[in-house]
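The structure is given below, and queries will be raised subsequently.
Chain lettering (A, B, C and D) follows the sequence in which the chains are written, and residue indices restart at 1 in each chain.
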Amino acid sequence: MTLQVGVIGAGLMGTTHVRTLTTTVAGAQVAAIADAVPEAGRRLGDEAGVETTYTDPHALIEDAGVDAVIVASPGDTHEELVLACLEAGKPVLCEKPLATTVSSAQRLLETEAAVGRRLIQLGFMRRFDPGYQVLKARLDAGDAGEPVIAYSTHRNPAVPPGFDSEMIIKDTVVHDVDTVRWLLGQELVRAAVLRPRVTSRAAPGTQDPQIVLFETDRGVHVNVEAFVNAGYGYDIGCEIVGENGVLTLQPPAGAALRTDGAARTSIPMGFQERFAAAVQGSAAGPDAWDGYAAAAVCEAAWQALRTGRPVEVELIAKPDLYAGALGLIGHN
Amino acid sequence: MTLQVGVIGAGLMGTTHVRTLTTTVAGAQVAAIADAVPEAGRRLGDEAGVETTYTDPHALIEDAGVDAVIVASPGDTHEELVLACLEAGKPVLCEKPLATTVSSAQRLLETEAAVGRRLIQLGFMRRFDPGYQVLKARLDAGDAGEPVIAYSTHRNPAVPPGFDSEMIIKDTVVHDVDTVRWLLGQELVRAAVLRPRVTSRAAPGTQDPQIVLFETDRGVHVNVEAFVNAGYGYDIGCEIVGENGVLTLQPPAGAALRTDGAARTSIPMGFQERFAAAVQGSAAGPDAWDGYAAAAVCEAAWQALRTGRPVEVELIAKPDLYAGALGLIGHN
Amino acid sequence: MTLQVGVIGAGLMGTTHVRTLTTTVAGAQVAAIADAVPEAGRRLGDEAGVETTYTDPHALIEDAGVDAVIVASPGDTHEELVLACLEAGKPVLCEKPLATTVSSAQRLLETEAAVGRRLIQLGFMRRFDPGYQVLKARLDAGDAGEPVIAYSTHRNPAVPPGFDSEMIIKDTVVHDVDTVRWLLGQELVRAAVLRPRVTSRAAPGTQDPQIVLFETDRGVHVNVEAFVNAGYGYDIGCEIVGENGVLTLQPPAGAALRTDGAARTSIPMGFQERFAAAVQGSAAGPDAWDGYAAAAVCEAAWQALRTGRPVEVELIAKPDLYAGALGLIGHN
Amino acid sequence: MTLQVGVIGAGLMGTTHVRTLTTTVAGAQVAAIADAVPEAGRRLGDEAGVETTYTDPHALIEDAGVDAVIVASPGDTHEELVLACLEAGKPVLCEKPLATTVSSAQRLLETEAAVGRRLIQLGFMRRFDPGYQVLKARLDAGDAGEPVIAYSTHRNPAVPPGFDSEMIIKDTVVHDVDTVRWLLGQELVRAAVLRPRVTSRAAPGTQDPQIVLFETDRGVHVNVEAFVNAGYGYDIGCEIVGENGVLTLQPPAGAALRTDGAARTSIPMGFQERFAAAVQGSAAGPDAWDGYAAAAVCEAAWQALRTGRPVEVELIAKPDLYAGALGLIGHN
């Protein structure tokens, strides 16, 4: 009864998935790997003891020995590949983004809704981080009362060349969008972006840091700070201010060192280290509606940055298939 | 050579000043107390062993035995009383606000500039808090690099009846305005206000919490959260994000208690407790320019809240008397 | 190539192992369960989807479908069952204690040494806790310099009836003994026990708390506080004082809540919660020498408590099979 | 009604007292300074604006313009000078130690008891530290329940040449002795000393660190770690374990800096910085009985270190003058 998983994409995320499935996930194993570059797929297959490799991802999806698919290839291939999984009737875990445009995300959503089964899951791993889970549990228990303000801070030490202002929203802020939607169980309905003084570490023409302001459908104010050239570490913060109190995400600390006139704890330098404990939880999680909503919210934020004006988020009516999704997921 | 101080106003702040001068400040003592209500002044005088009390504050200012004056009477008396002190050539510590309108603050500023001596000092006590002073010292040392974003969080457990949306800006946010101006050594030049979902603890018609957004003359984004019915405590936060790192104010903790399944530290319920260590420092500090600038910035924020639009801060040219003030104070 | 594991004992620890193997460990699955009470084994088997159950643990060990064994039955059965595993040549993970007397632990050690393969692993899970691992890594990196003092604090909210002074040492302190031996890579060679005022929560005749003092073969002083009726939580502390600095274990926090005048983080109430992240790491770890040394050290501590005098730890010469064990494990 | 204070000793502690009295203590001023070295007294007098200086401390004590005396000269002069103050009937704040031998401390105690007025106060400043005061208040409020164990950690970055094993007990541990006596309101009645591996930073022949174990008259176990060549900072820790919970002293933090992959807070390098907020409180405090008891306890600890055996503390019956002292002080 072991689940046979096919992994598309042998890059950073695909490799992470293969290693996790091979070493720490019970009840699943990697049956096949696909990558457009034959050597990349082959090398990862060798490392993990997986014999079947493909260069054509569709061949992997159609492989009868593959029960479920992980899509970890570049974002512009996601729509086509997730669609193929839907047609094959196979569950698919899609790394974000679900699609590169809101309309293509919407198409996937509507196709899945027509199929009538929730086959798509999005790879937003923060929901499985122990710290976020404690925060969510206490929030749902009412410990802080009704939320009024949410802060989400997303700082990276550095980004690769070419990581521009739009990517800061669509590749970085998208995680904060998903986290806040999940924590609050509310949709984000309005976006605006502030442009602080640009750090000298940013590439020319890139707005970094950005303050992205959202409003939810219940009036909660959401403040997302995205600072991708922060230099000092991969530092994720979250604070929910409620009518009766405040919940603050605590960083995993490990051990403190006092030496040379200071007490210090380490800050990780990347998401793999920060969210190491979150990966294995990905057997359940965000669905196609979450992927669609995140795409629509980030598109609005991007238009807000581009035009310098607040932008309303336009969402289609939620298909019945996803009824209650936010709330239910909130209580998983 | 003990400084003889006259205190105007026997309310909360006046009483605090009298007690501090009597018990913990070297080189100064209370020579006289004035309050419009004779019994109030008399009672405080009895407590502190001060024989001279007045109902007319001008009589106190003119008293030859009074070297310096503390104005702790209601805000609408400040302009007149500070002016009288300037005319008498006596140093005056004025509780905030310096005046209730920008134009009256400006008049005081210009009068002092004409006198040519810095006689006015504002009662912004946070600058003397040990935590803020460490933060300032490290910021000035360049530990975090050039600032790009500043957060200032101001939460009160509750406010008295009648404390409305305008007072949240002019009595509460005014402290954050002074703190951020001092920490950064920059002027705030633009204000906007966001209106999150209102807490059910707020009085009808009051916008609480408020997110007040400022921009400095060097492009730093400043985010002030004012939440005066936060219920849980008097909780002051400050974080400066720089190009190389982040500085965060640490709350004074005292002792931690682990019991009943939780580790906890106390949060004070008022500013007297939170800033107990800050009071005695008030022998040097913010001047009339700081008072004027704070008034102008808060007026802009209030107009931004009222109109729902960003408002530019209009400042007159800084008189030579205050040249370099922000920077100098920064290095005190 | 999945490892087929047989689990002996369907109590608390056995159930924990079955669930972990079933849900979160890759490359292994439960092939059989044995428990003297048929219903207990059957119920756990049903829960985990394991068909083969035994009442005779020897039948499980001899089952050709079982590749490796977990011994989670009562401590007085350990010697016999581990011995059977050695004879069958099967790897065995033995919950502590390895045996109930030093001499029986020594017999197991010598039998394994005669077999010439390291088949025995002890279930000291703290070595796999992320916090301890960070502490160990920093210690080995020399961040604190050469250790001079070690503190290990072990507080339980409460213990079951019958948990007496000897069990506090042999069931509770034994974990601290293993942790400190592993962290320092040094043997404990002398034990003494102090008897503080007994808490009113302790059962009559039980010495709780106890301060157990050890000395290592390199002169490091080790202070273990065991307080098993501490009431407030399951609270584990560790601090290593070195010549250049101090390393302190940080508790996993998750999220902090500020409400009602206090900032608080939760303290877990049991080891399952505290060391949730540690279980899955148990594929490698402490060996029979560690089990023997822990037994010898705890026996010395027990004699020290009983007699009120310091007691030397007597260890046999380490068989070659375990040469370098402490050091090597230290660098895993 | 200003108190006129005479300060004997113009060294580190005397200078600290003069500055504190001059700048931050209300109701007192420095009337005279005495130092055996004329230039030293003169220089400090000039700095502080004090005209009267003496080389003979008895002349200062007899000066009719001196209401009270601070003795901050070398320890071997304390007995004689405090005795002179008692004879002159003037209150005296004596820096520790009260005297260099238990018998001379006892003589002072008995002389004061015969005079029948509490004129002697000891300079144990930790009692006035805000953190210790919060800890004491919570302990007295019963938040942790009845104490069973106390930890006091005393680490210095380094000590001057000649600071030997005996001084570690009599000049360093003496502070922990006073703090624990005050916190618990209990006498220490038995001492033993453990000798961990000596740090390579220690001067030859010096036992550093030391673990000094005390037992109180109610059976509380007290563990004092004195590590005076700890290198990394002046780091003071205190933890009281009670039947219902644990109270831990929190270090004053100021601001945290996140940069270069770590979050850090500063550790002070000396007691002046660590206990800056404690000095001004010294208007009330430990009395001659506290000084005598500290001397007796430290003498017992020193004998325990010297002989390698536990030593009982011998205290005379407490004179009526000090009846209830520990308890009363505890509730100041």
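Here is the rule we use: a residue touches a chain if its C-beta (ideal position, glycine included) is under 8 Å from a C-beta of that chain, and two chains touch if they have at least 3 such contacts.
On a predicted model such as this, the values are computed, not experimentally measured, just so you know.
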item: Subunit C reached from subunit A - shortest hop count over touching chains; value: 1
item: Angle of rotation relating subunit C to subunit D [CA atoms, steps of 5 degrees]; value: 180
item: Which of B-C and B-D has more C-beta pairs touching across its chains; value: B-D
item: Chain located farthest away, centre of subunit D as origin (C-alpha); value: A
item: Distance between chain centroids, defined by C-alpha means - subunit C, subunit D (Å); value: 43
item: Distance from the mean Cα position of subunit C to that of subunit B, given in whole angstrom; value: 57
item: Centroid distance [mean C-alpha coordinates] between subunit D and subunit B, Å; value: 38
item: For subunit B, residues contacting two or more additional chains; value: 231-232, 235, 244-246, 258-260, 265-266
item: Residue ranges of subunit D in contact with subunit B within the complex; value: 21-29, 130-131, 133-135, 138, 143-144, 244-250, 252-260, 265-266, 277, 280
item: Residues on subunit A engaged by subunit B in the complex (per definition of touch); value: 145-149, 155, 194-201, 209, 211, 213, 218-221, 223, 225, 227, 230-232, 235, 241, 243-246
item: Touch list for subunit C against partner subunit B, complex; value: 231-233, 235, 251, 258-267, 269
